[in-house]
Each structure stands twice: as structure tokens, then as C-alpha cells.
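Labels for the chains are A, B and C, by order of writing; each one numbers its residues from 1.
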Amino acid sequence: MEKRAHISGWTLPLLLILPQMAITVIFFYWPASQAIWQSFLREDAFGLASEFVGFENYVSLFEQPEYYRAMVTTAIFSSLVAFFSLACALLLATQADKNIRGGQAFKTFLIWPYAVAPAIAGVLWLFMFHPTLGTLSKPIKAIGIDWNPMLNANHAMTLLVLSATWKQISYNFLFFLAGLQAIPKSVIEAAAIDGAGPLRRFWTVIFPLLSPTTFFLLVVNVVYVFFDTFGIIDAVTGGGPAGQTTTLVYKVYADGRLGGDLGGSAAQSVILMIIVIALTAIQFRYVERKVQY
Amino acid sequence: MAGVTLDTVRKIYAGNVEAVKGVSLGIEDGSFCVLVGPSGCGKSTLLRMIAGLETISGGEVKIGDRVVNQVEPADRDIAMVFQNYALYPHMSVYDNMAYGLKNRGTPKDEIEKRVNEAARILAIETFLARKPRQLSGGQRQRVAMGRAIVRKPQVFLFDEPLSNLDAKLRVQMRVEIKRLQRALGVTSIYVTHDQVEAMTLSDKLVVMSGGQIEQVGTPSEVYRRPETRFVATFIGSPPMNILPGQVEGPGRVSVGGQSIAVTDMREGLIPGSAIEVGLRPEDVQAGGVGTSSLTMDVDFVEELGATQLFHGKVAGAEFIVQASTGQLPADTRKLTLAVDPGNVHLFDPQTTKRLGRV
Amino acid sequence: MVENRPFAQFMAYLTLALGVVIVAFPVYLAVMASTFDTATIINGNMPLVPGNQADENYTRTLLYGGMHARQPVGGMMLNSMIMALGIAIGKILISILSAFAVVYFKFPFRKTAFWIIFITLMLPVEVRIYPTYKIVADLGLLDTYTGLVMPLIASATGTLLFRQFFMTIPDELLEASKIDGAGAFRFFKDTLLPLSMTTIAALFVIQFIYGWNQYLWPLLITTKSSMQTIVIGIKMMITTTDALTEWNVAMTTAVLAMLPPVLVVIFMQRLFVKGLVETEK
């Protein structure tokens, strides 16, 4: 896309773009290139000298069982949150799309969790499911489950999935609702005339037409779980128990905090960058297709 | 006030696309000049070069005696009315009209005087406080004109200003623009693809095609004596019929074996050579008797109220005849057409130029 | 509407009501907890109706903070507010200027400049966290508002949003301005800026929420407790050994931390939705 009309002059636009360029270079490109460079270096124990070690940092990273565990954790966490938050949001959006009284009010009441910080969301759910004082822990214990997210990794993961899903539903809901409202009513009416009942209409007409939205949300949700859930994990489990809820991003943070292995931490960052770029590329390919469509 | 002079003006876009191919034109001070042509003929580009919105790739544009090739649009002393009006959506009607004057540092009371005067002329005094989106299409059009008037420029430029209006309003605004231009006497250059607008508005009609001028003249000159086949078929509705023919001799051509007398014919054409014979639908007499005649097979009739259009074929070519309603029965299958020698236009099939008297 | 059967309507209400309850319940509990004393909460029998400690909890939390951290939450909220406003305003400022340059001028390396900005869309601050930390530290910006804000405004979202909006403005408006004698600055001030107000507001809402809710970055670069933001502050309150956690203070803080962004979403819902949908395009 290009404008036909332009304003003449060189210096003014360069001045206008300068602040953004400066900030981007200093706080984005410089650190990113530092990370890449450091991932090929090894520092000595005192941090005084460093030598070029090629891919050694990456090799040793992939020799750590903890790194694989973080990958698996991230994969499980991502897929569970993406699935549940998309499913719940789609259900709510289809209901809100029906022409009912007070639809707008429901919409307002469903979207505000977007504004809650992930860490706060984590704290809320931790409080609700706290093993000793949680309001909802008692009924769980009453049915014979020894509920303790502080000690049991599965329980901890469940709690993380619940809080991450809770926070993400509002976002997905908004996009699904927009997607549903963009479907021409005549298509649905045509399906009704063709004799399709409500459920059949949903699966054969509405859901396929929503697939671009669904795909877009899928990618966004995965990215969300990768990065934005950091606050939830840090607040609820701190990566525990015994590192069993440590995701890739949390591991970068945790390893770096212990200090020491700068090269290894940088290598982890680089791998994360590659994953995000891949995800974004997938998303762009989809966007491109949507444009052509 | 000033005239506008174009001297071999060219526009070459990136990729060597030549949109305007050396146009020379003189527009007299105070006249109303209309540039007409199909889309892509370069008429808008030419207008935008005069406005200073496009750079000039070659040649010279003069407003009055001043060469303005390198002059900023704001300093050319022109005003422009855009097709989509280009009103500032966030400003009131008053501010829209006053903006150009404010930018030039015109004193406040002078601005007020001029805006109110323009508003009075255009009958938009009651809308001055409104925003453009609260106005109808015709009202926006008036505001756009008001914005041009208040500046008291040397030249008005109109870029298809009426094409966003519905048919009825278009006719009404057309009349108003003409009246306004007469009253103000400002040199005006008007771009349109609508030949009716072009005919009715212009003192000077410029027909363009493919980045070049096809013909310049008064509307009646262009209509009566089109210089090229393109002009002949572009100006006039329904368009001029073109029939394949042959030269018989001085003042005579034949079409489908029928001989026709022609008044305006180049001398020295070789008998037997091919020639194109143009006849306007309104210039042939259906059922009449004249010095020359043609026969037409009628396919169907279009009723237009006061007139009827007979569609059919003459000498194997498509042909349309316009006749007053009731003059002929609607189920006519065959027509004899009387042709006045003065109404026959001849064109060279190769160059498409008129083959009239020199 | 194809069909509007009463049963379908009823199911819709039921589902939505259930959704609202699930969405609201954790927050309801937090609000309740902010009205009791620690003991009532710790014994695990907190009632589901409000207690009478609200005044006490909120006053103490805002002015003095928890027993261990002893950092007034009021101050934390101020820090959060400065960071959120700084990020929102900073981002709007630099991105509207750069979008203006990229869309309305032709200058050398324009495409390159655009891509340099565009690429940043792909990498959130989390993946380059330590190198960025090091640079901020080297610049002496740890424990400063500048250090909190600057790295987080280095992203393309705003530029893209403004670019997208500018592209919808008809070219003729610039041309009319040129003929009306307005230069680049006047065109920006008199035409572009007034027309961009909705976009600016929408971006502001989204960026305010984004800024207020930042966690990892402030966690890293604030060492002084006086620079803590409220979202970090609440974490500090509950990491101490379980028995000592003052849940009433923690939950009061949670409610206070949610309040500004949630109010923004509720009262500026239209702008919020617009901003959210359009920045993600």
C-alpha cells in the first residue's frame, strides 16, 4: 500500500522517525544481537574473559534433561490452555451472538478479566484453591482428593491451566464474537432453509466460516502461554514443585537469576526467539491468505 | 485573474509509463475549459499538474505570465474542487472554508466577510456551524465550492466534482456551477468523463484520449465537425454511427451499394478506396425522402418518451436512428433513411482523421 | 435471527450467566477477603458475605503495606500509574511520529526503516530479557522510571496501528491542505491529529493496561522497594512462608491492583475493543 500524495523533504521525516529508531535499536536490536553473540561464547568463572565456543552452549543445553522437561511442560501447558480457553470462549460467544436481551451487559461482564494482570490472576486462583484456606479446596478434599498444588505437580499444573484459561477467555470471546457477527445472516438463513438444525448449522456452516478466527486465536494463545503466563507461574508455583511447572521462558529467568551461565541463558533466549519468529511467520502466512481470500 | 498556458506538458511515471504525451493548450482568461475523455486518458493527471499536485516531467505550465513548474500548490493562486470534496471532516463548514485563508494570515474580519459572502452566494449560510458529515452530498459539494471561492484565486480547478452526486442533483449543480463561473468570471478548468457535462459547461472543449489532445474547440464545433473518429463517437449520445464505405468520386461515397452525396469531403481522394462514413442518429431522417438514402433492417426499438431509438443494421454494420415518438410505427421492420449531404462525416480508416475540406 | 425458540434463549442465558459467575467468582472472593482480618481467612472458614474489616484493610494497605514488606501500596500504585502512563504516552508519541514519517514522506531507506520497526513485533521483551537488563544497567537506569518505561515502548504495534489508520485517510485531504497552504506541521496538527483521536484513545487504553500489568520487567530492574509496582508488590506479600502471609492485605492489594485497568475496560469498552481488535490485525 502506498499513498499517492506525499510531502516533500528528507530531513523532517528522518527527525520524526528518529525517536522510535533510537529506542528500537538501543532496547531491541542491541540486546537481541547481544543474546545471539553471547550464545556462542563461554565466560570463565569470574566473568573476566570469554571465548568463542561455537554451538557448544546449544549442545549442552540439549543435554540437560531439565530443558526437555521445560519443553514438554510448555507444550502441555500451551495446548491445555489454548484448548480450554478457545472452547469456553466459543461456547460463550455463540450464546452471546444470539439476539437476547442484555447481551451487551453479558459482554461487559465477560471481557473485563482481560484487564487483570497475569500475576494477579494467579494470586486470585491460588487463594481460591489454597490447600489450607482456599474456599474451593474444601469441597475437593471432601471427595477424597488430597489437593495440594504446592506439593503435587499435577495439581500445580491444573491450577496454572485454570488461572491462565480464566484470563484468556475474555480475549478469545471478543474475537469469536466479532467473527460470528461478521458471518452474513443470509448464509445461516440459507442453511436453515436447506433443513439444517441449529447444531448442524453450527458445525457445517458457522464453525468452518470461523476457522480463520480460530486459527489466528490459536497462534495468539500459544504465544500468550509462552510469554504472558510468566507472571502466573511466578505467583502461583514459582516453577515448582521441583521445577515441574517450569516453562521455557520461566527457565530463562530462573537460570539467569542464579547467575553464572550467561552463554547457556543466551542460547535459551535465541531458541525462544526462533520459536516466536516461526509462530509469527505461520500467522503471517495465514494473514496473507486471508487477504487474498 | 489569468489564463493558463500549457506547452508540450508531459507526465512520465516510474516504469516509463507516459500518462500525458506532450500537451499544448492555451486557456483564455475568464473562460471555462472542460477536459473530457474516457478514464485513463490523462485528463486528471493534467489537471493535477496544473494544480501542482503532480510533478511535471517535461514542458511548461504557465498561470498568467508566470511559469509555475516549481511553484508549490499553495503559491499558485489556484483553488481546487475534488471529486470526493476532500472536506476536513473534523472542521465545521465555516472552518473548512476559512482554513486556507487562515494559513495565509488573512485578517480575521476579512475571513469572516469572505466566508459569509461565499456562503450567501452558495445558499449554505445556515450550515456554517455544522460538520461535513451532517450534510447531504449536494451540500458538501457547495461547501467544497465555497472553499474555492473564498480564496478568490486566479484559476478554479474542478476534478470530476459532480460524479458523486445522483443524476438529478448533478443536473442542478451543473447549472449552478455554470452560473457561478459566469458571475465570478474566474478562469476554470474542469475535468469530467461525462460528455453532457462537457458540452453544457464549456466555452472551450478539450477532448483527450491516450494522453493526447484529440480536438479543441467550442462545444458546437466539436459536435458539428469532429476532427477524429474518436471524437465523433465520444461526443454525442447515442454515439455517431460509423459505416464502412467507398469513395465514388468528388462529393460522393457509397455505402453497401447505395450512393450518398457529401458536402464536406477532401478533394483528390482516389475512387474505390475505403472510407468510413459517420452519421449521427439524430441527423438521419427515418422514412423521409432526400437526395441520398440508405435502407436499414430494424432489430428492436427503445422507447425514450419523447423520442424512439431504432436499433438495426445498415450495410451489415450496427446502426441507430433517433426519431420523434409517433413518427413511425413501433413494429417497423425496414426503414428508408434520408441523408442530408451536410451531415455526413468522413474519416480515414487508417489514421481515423477527418477527411473533410482543407 | 433464524429461530428464536424459548429453549434456545433459556440455554443462552444459562450459559452466559454461568460464564459470568465463573469469571467473577475469583474476584468476588478477593473482594470478600479484603473485608476480613487475617485470622478469619487463615482458619479456612471465610464467609462468603462481607466482613467488617474493609476500612481497616484498605487504609492500612494503602498507607503502610504488609507487616513484612512494609511498603505502602499507595506508593506502589503511584509507581504503576507512572509506568503505565509513561508506556502508553511514550508509545503513542513515538509511533504517531514515525507512522507520519513512513506514510506521508518519501525518504531514503523508508522501506528499511519500516521493516526495522516492523520486525520488533515478533519478539516480546521476555525473550531478550537479560541482555536488555544489562543495557539498562549499563546506562544506569536500574530503579528509575526511564528504565521501567523505555524498553517497553520499543515495539511496532503503535506504528502499525497508526499507519493502518493513516492509509484510510483519503489522499485528497493532504492535497486540499497543500492547496490551502498548510505545510507538513500544519497538516499534522490541524488535520491528522484531530482525525486520529479515536485511534490514539484506543491505543492508550490498550497500552495503559499493558503497562499497568507488566510483571517480569519491573521484577528484574527494580531493586529498591520504593520503586516496586503494585503487581510486583503483591507477589512479595505471598512468598513469605505460608503461615505469615497476610492474606487480607494481599487480597486488598489484589483488588487495588485490578481496579484501574478493569475500570478502564468497563468504562471505555468501545475504545478497548477497537484497540484490541485493531492492534492484532
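Definition applied: contacts are C-beta pairs under 8 Å (C-beta built on N, C-alpha and C of every residue); 3 or more make two chains touch, one makes a residue touch a chain.
Keep in mind that this is a model prediction, so the values were computed, not measured.
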Query: With subunit C excluded from consideration and all other chains held fixed, what connected components does the contact network retain?
result: A | B
Task: May I ask which two chains are joined by the most contacting C-beta pairs?
output: A-C
- prompt: Which integer distance in Å separates the CA centroid of subunit A from that of subunit C?
  reply: 16
- line: In whole angstrom, the CA-centroid distance of subunit A from subunit B equals 61
- prompt: In whole angstrom, how far does the Cα centroid of subunit B sit from the Cα centroid of subunit C?
  reply: 58
- line: Residues of subunit B that touch at least two other chains are 53
Message: If I count partner chains per residue in subunit A, which residues reach a count of at least 2?
response: 5
- request: Indicate the residues of subunit C shared as contacts by at least two other chains.
  value: 172, 175, 178
Message: Using the touch definition from the top, list the residues of subunit A that touch subunit C in their complex.
response: 1, 3-7, 9-10, 12-14, 16-17, 19-21, 23-32, 34-35, 38, 88, 91-92, 95-96, 98-100, 106, 108-121, 123-128, 132-135, 137-138, 166, 169-171, 174-175, 178, 185, 188-189, 192, 198, 201, 216, 220, 223, 226-227, 230-231, 234-235, 238, 249, 252-253, 256, 262, 265-266, 269, 272-273, 276-277, 280
Query: Where on subunit C is subunit A touching in the complex?
result: 1-4, 8-9, 11-13, 15-16, 19-20, 22-27, 29-30, 33, 41-44, 46, 48, 93-95, 97-98, 100-108, 110, 113, 116-117, 120-124, 126-132, 134-136, 150-151, 153-155, 159, 166-167, 171-172, 174-175, 178, 183-184, 187, 209, 212-216, 219, 231-232, 234-235, 238-239, 242, 247, 250-251, 254, 257-258, 261-262, 264-266, 269, 272-273, 276-277, 280
- line: subunit B contacts subunit C in the complex at 51-53, 72-75, 78-80, 82-90, 99-100, 103-104, 147
Subunit B contact footprint on subunit C (complex, rising order): 170, 172-173, 175-176, 178-182, 186, 190-191, 194-195
